[in-house]
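Can you keep this structure in mind? I'll have questions shortly.
Chain IDs A, B, C and D follow the sequence of writing; residue 1 opens each chain.
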Amino acid sequence: MDFGYSEDNERFRQQIKDFLKANVSREFRAEVREMQGKGMGPLAKELILKIGEKGWIGMSWPEEYGGRNADRIDQYIFEEELVRARVPLNIGNFIEQAPAIMSAGSEAQKKYFIPRLVRGEVTFALGYTEPSGGTDLASLKTRAVEDGDEFVINGQKTFTSGAESASHIYLMARTDPDSPKHDGISIFLVPIDTPGITIRPLWTLAGGRTNEVFFDEVRIPKTAILGEKNQGWYIGSKALNLGRAGAMRYYTYVSLFEETLYFARSNPLGQQLMADEIARDKMAELYCEAQVARLFTLRSLSMIRRGINPPYEISSEKVWGPEFLVKSTEVVSQILGPYHQLWEGSELAPHRGSFPKRYVSAMVSTFGHGSTQVMRDAIARRGLGLPRGAV
Amino acid sequence: MDFGYSEDNERFRQQIKDFLKANVSREFRAEVREMQGKGMGPLAKELILKIGEKGWIGMSWPEEYGGRNADRIDQYIFEEELVRARVPLNIGNFIEQAPAIMSAGSEAQKKYFIPRLVRGEVTFALGYTEPSGGTDLASLKTRAVEDGDEFVINGQKTFTSGAESASHIYLMARTDPDSPKHDGISIFLVPIDTPGITIRPLWTLAGGRTNEVFFDEVRIPKTAILGEKNQGWYIGSKALNLGRAGAMRYYTYVSLFEETLYFARSNPLGQQLMADEIARDKMAELYCEAQVARLFTLRSLSMIRRGINPPYEISSEKVWGPEFLVKSTEVVSQILGPYHQLWEGSELAPHRGSFPKRYVSAMVSTFGHGSTQVMRDAIARRGLGLPRGAV
Amino acid sequence: MDVLLNDDEELLRDQARAFLIKESPTALVREVEAGSKDYDAALWKKAAELGWLGITFPELYGGTPAPFSDLGLLFEEMGRGMAPIPIHPTLVAALTINEIGSAQQKESLLPAVIGGYKMLSWAWFEHGGDIDLASVQLAAKVEGDCLRLSGNKLFVDGFQQADQCLVVCRSQSGSTGNEGITLVLVDTDSEGLSHSRLPTLAGDIQDELCFDDVAVPLGNVIGQLHEGGEAAVAMFERAVILNCAMMVGASHKAIEMTFEYAKEREAFGQPIGSFQAIQHMCANMVTWVDGATLLTHEALWKLSQGLPASKEISTAKAFCNERCPAALREGNQIHAGIAQIKEYDLQLWYRRVAAWSMRMGTSIQHRRIVAREIDIVPK
Amino acid sequence: MDVLLNDDEELLRDQARAFLIKESPTALVREVEAGSKDYDAALWKKAAELGWLGITFPELYGGTPAPFSDLGLLFEEMGRGMAPIPIHPTLVAALTINEIGSAQQKESLLPAVIGGYKMLSWAWFEHGGDIDLASVQLAAKVEGDCLRLSGNKLFVDGFQQADQCLVVCRSQSGSTGNEGITLVLVDTDSEGLSHSRLPTLAGDIQDELCFDDVAVPLGNVIGQLHEGGEAAVAMFERAVILNCAMMVGASHKAIEMTFEYAKEREAFGQPIGSFQAIQHMCANMVTWVDGATLLTHEALWKLSQGLPASKEISTAKAFCNERCPAALREGNQIHAGIAQIKEYDLQLWYRRVAAWSMRMGTSIQHRRIVAREIDIVPK
């Protein structure tokens, strides 16, 4: 067991810190605040390109695809520092399709997409979920029908976050309506500006944006399919699983707690509230549980680095982390009391009113990318070998 | 809504208190301690008979069966005072078969059993559970085969608590092996000294006793059947449901907390531990939750008094109460720390070492008489109308 | 002893519910929340016409003498219907005026309140969000026939709509705890009194008040000068239990919506409500909200009887604060994606229950009261 | 950075596990618990022969220089195998002797310990069960070339088997906190030292000690007179994390038994492990125990590196105290009836994990340390 970072790791961490110090300006932070829920502003796009040029996006991928064969721990450190510096570029999210493209894509797709993903020029919105089913992807209804050299797509996706600023949609559609549910599905890499695609915003409680995406006779070339036809379910499942590892997601779960910790130490109101021993006990309890979230992520990374495909450990992350996040918002709400309800727009609101926003948006983590219920099913069945039910 | 007791209720409560003061001697308490896990001693049996003579057992039943048509609230008060005075006569447990006998029994059975139950002369051990299945009663294997005027019983029961001191066993056995699972079952009222019955003790973690009961060619007259042949499942379910209402059970759930409260107020160590504000917060949390257990019981009683058969409320009691009990043992263990592990036999052990005993025996409440899982199923399906699953 | 509602109570509940379904549709709730107006005047008028603003008040002033628990049941329906009217702050203040005001004050104020012509507010909390009266530091100095107020109040409910605000202040400097407290009714447009709106999670109207040497006639003191501590606590407690009633009412509605959704929504080829995991979540939800309801009713009943109810009120609030949001969180989880979308109605209840759980005392603060009341604080 | 076990660590674990399956069967565990003997001498001898009593100690004294984490892994297996030998108290004392003892003391004591010829104990806790050094009040007065000890110690582990006991005492009267603390090795048969056994939930050997003016030569002081505070804290912390390791090892075994049971046991016509409710309980159990394991390993690793680990140790202990018993509680629930029966083995692990969760600091006490370490206690 080794819970420490090597000197090389620490040097790399310093490099990232220096870069962020030099490149994250006041103007950038102002833009982030202003653009909240409206997509990515020009400074954010610029920063992503700079990060891409540094070779830090997908740095652990093979060199031939634009990566650097870098240590996954360095990638973890990169993501960690990004989130610690509160730079909300969800880079993990729009590169999570890369592993699937690398393993199932055509040579042309790999050559086109991977370097551009690495440079930050291509970003994907995830086109899985449909109005009729969230976690139950196998029941999807969006159809892709062959017509000569093309597929014609009709249907609807929902909760398609980031579609308003993505370059492509990573689309799951049914290509064989007669196959059993999991078998007739394919994945397509569709430019978001393809005619026939309409994006409608859905506004979330925290003031953020997600989307509905409508496909009306959308024509794409056959080369836009990823991997074999009707094999999309298996390609997609794999990407979803790999997509769950990494610091980005872990910090999503604990950042509310870390922010509260910062508040408790440095804000006069925070210190006043911490005079209450019971509040400190609650904070200490959250601290302990946050460490489990961190260690679960490091465990998954350790396994992947060893070439082990974690049978259940990534699902454990995806149960523990989101439920920790939700719990931490509720516990913190009972420490801050009436201050916790203050929305942005008041001097009195701690952290510019971010507490209630985080409170209402925490829920998304417990059902986005697979509900905690489905994750528990997976732990029990894949991890512990418990049988499927007959009733 | 009326959360108060009438003057009549309060008068009755005083009557019980006076009786217990006069009749619960030091010697009785010493016998209880000494006989722990060994059944009932002579003074306990004497006290039950006295209580029976007062007409307080089954006091809410009709007069013709030896009851007094008394208000169920008075019965609740009686049970409450019994437990508050820490008189561990589990009267609720051995009279819970009475409602079934009253509704399904022959006139002869009613005449024989009810008055004797009321006087405390007949006590039942519950012969439901078998080694092959706990909550899944419908799968039971003990057979009762007709032979002339008799039934011949073969099989085994387990976790048959109180069999060592009961006069009868309330036995569920299969009378039609070819019927669907729930339909071929009957209930028998079997004297425990019938030849062919063997009782083997099973010792529990707290040092208490339960039993295995073996039936080897046990012959009983046909008149020992309760209600119609093959209808036992429905008769039994009903009794189980009614058996769940009342103060006895509620106090089983909260008595550990109440004892801890007493300890916290009156014991020097308890007061020392209560100097910790965090410990007080935990105790206050348990207090709040204990009130929910009490109010759930009062809700069920209120419904039954109005003639409503509670669709899910009794199951709520049976989920909340046992889980509260288990939680309270765990919380209290983290308040008392090393003192909590001290077993009887040391001067240092708080409350004569009862804390660890209660800790390890708390579990029984969450699976005895139907697991909390099955109770939640019932709340969801019977209470909320959620559908049964297809998979 | 019968903890269920009696026939009269059921009738009250059913009528209020039916009325609010009709008169307080979510479209109206959304409209008020969007800020076009602070409350719905038509609904306020109708509420007054129905006599709702007079429940528990003497007939002399146009009220209906009824037990306090009736008011609690009405507030449950207000929570369920999310009625966008300032009935909570108005009645919290009015109940205290009725309790300790002079005959003359009651005569001049209560008929107007009950008739729907006067709105009130109450100002209690200060910086730190403490719920102990010791935290009240707003200074009130007697000068001639005036009290002069200086200091701040926070989280003041419905101040912008109110004509007057019942302010809890410390009139004897250097006094501690419950001593030296005065309740005084301040015109909301008094000179020197400024306010700024606090945007909140529930989208309701709360203000920060700044008293800069505000002069209030001594005749506006409600109750005895310097002796208002007990009444201030009682006002707080009534506010808390009516807040619980609203949480409970809103929570019931939200979990019922969830049960219906679980029956209809399909996944993996069957209604999601047929999965045991979902069933058990639903079982927990109803258990928690039922528990919160019974605790709230017991406290309401005790108040109705004129019995001390501090313990019951704090027990209810500590439990509601934790379990009502938890029940709604499970409801969100069962709804999944759409629960986070503004367009979908569930969030209207969710945000309110969440915000209400953050107000009028945290679970930690109320458990501290419970610990005191159950006598485990070493002397 | 690789939080998994490396090959050497896996080998150590596998060998220890295989050995204990063979040499510490539950029949032996039950026999020792029943009281026929205080520990199993044959097992103790074999453990010494395997070099287990010398892990992390210098070769000079017959030990094997290995990281502290190796000892932690061994203790996990001790917990899993419930080995009925006093290895915890002996090594907790010996590690401190190795850390701060004089060369002469080490030479005379450690080879005997490592060889299995000498057993030790340690006495730390006093009335109240506090884990802060300020609670140590056992008085030690210097008189000539002796320390004279008066007072009590509680919950002293393995005292009855031990030859000597490392006692934490307050040698400067009136000193507070970490000041004026001395560690001294006391012969267990010293005049004036009486002890009485405390019967416990785990059926282990704990004693209350009563020191009635017990004279101990100054040469038995381990470390510097009056300066033992830091070493006493370090001793406590090592004891705590080895206790966590035992909890974690025992918990893994108990949940594995449960998963197997859930696959085999049938109800309602199918394995109970196929019910989603049971599956989700199992998913929680493995998540909790895995979390406890990782926290324990991180603390062990920090100690191995000589880094400060107070925060990590208390984090692990606070978490283990709550989640390990909770995991076993779920295991009991899945087993139902038989879980409560002495004859069935599951309870052997259950009682130990429960009892260990009650010792060496409650979750409340350890979270208080965590709060201090994460710097949220206002100055």
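Brief remarks follow.
Keep in mind that, in the parts below, a residue touches a chain if its C-beta (ideal position, glycine included) is under 8 Å from a C-beta of that chain, and two chains touch if they have at least 3 such contacts.
What you see is a predicted model, and the numbers here were worked out from it, not measured in a lab.
For the interfaces C-D and B-C, the C-beta contact count is higher for B-C.
With centres defined by CA atoms alone, the chain at the far end from chain A is B.
Here the CA centre of chain C is 52 Å from the CA centre of chain D. Our note on geometry: chain A versus chain D, Cα centroid distance of 41 Å, whole angstroms. Taken residue by residue, chain C touches two or more other chains at 268-269, 275-278, 280, 364, 367-368, whereas all remaining positions touch fewer.
With touch defined as above, residues shared between interfaces to two or more other chains in chain A number as follows: 272, 277-278, 281, 373, 376-377, 389, 391.
By the touch criterion given at the top, residues 1-6, 9, 73, 261, 264-265, 271-272, 274-275, 277, 280-281, 283-285, 287-289, 291-292, 295-296, 298-299, 301-303, 305-306, 312-313, 315-316, 319-320, 373, 375-377, 379-381, 383-391 of chain B touch chain C in their complex. On chain B, the positions that touch chain A within their shared complex are 277-278, 281, 389, 391. The touching residues of chain B, when paired with chain D in their complex, are 129, 132-136, 138-139, 158-159, 202-205, 210, 269, 272-273, 276, 278-279, 282, 326, 330, 333-346, 348-349, 353, 356, 359-361, 363-364, 366-367, 371-373, 376-377.
Chain C makes touch with chain A in their complex at residues 125, 128-129, 154-155, 196-202, 208, 266-269, 275, 277-278, 321-322, 325-326, 329, 332-333, 336-337, 339-343, 347, 350-351, 354-355, 357-365, 367-368. Taken in their complex, chain D has these residues touching chain C: 275-277, 280.
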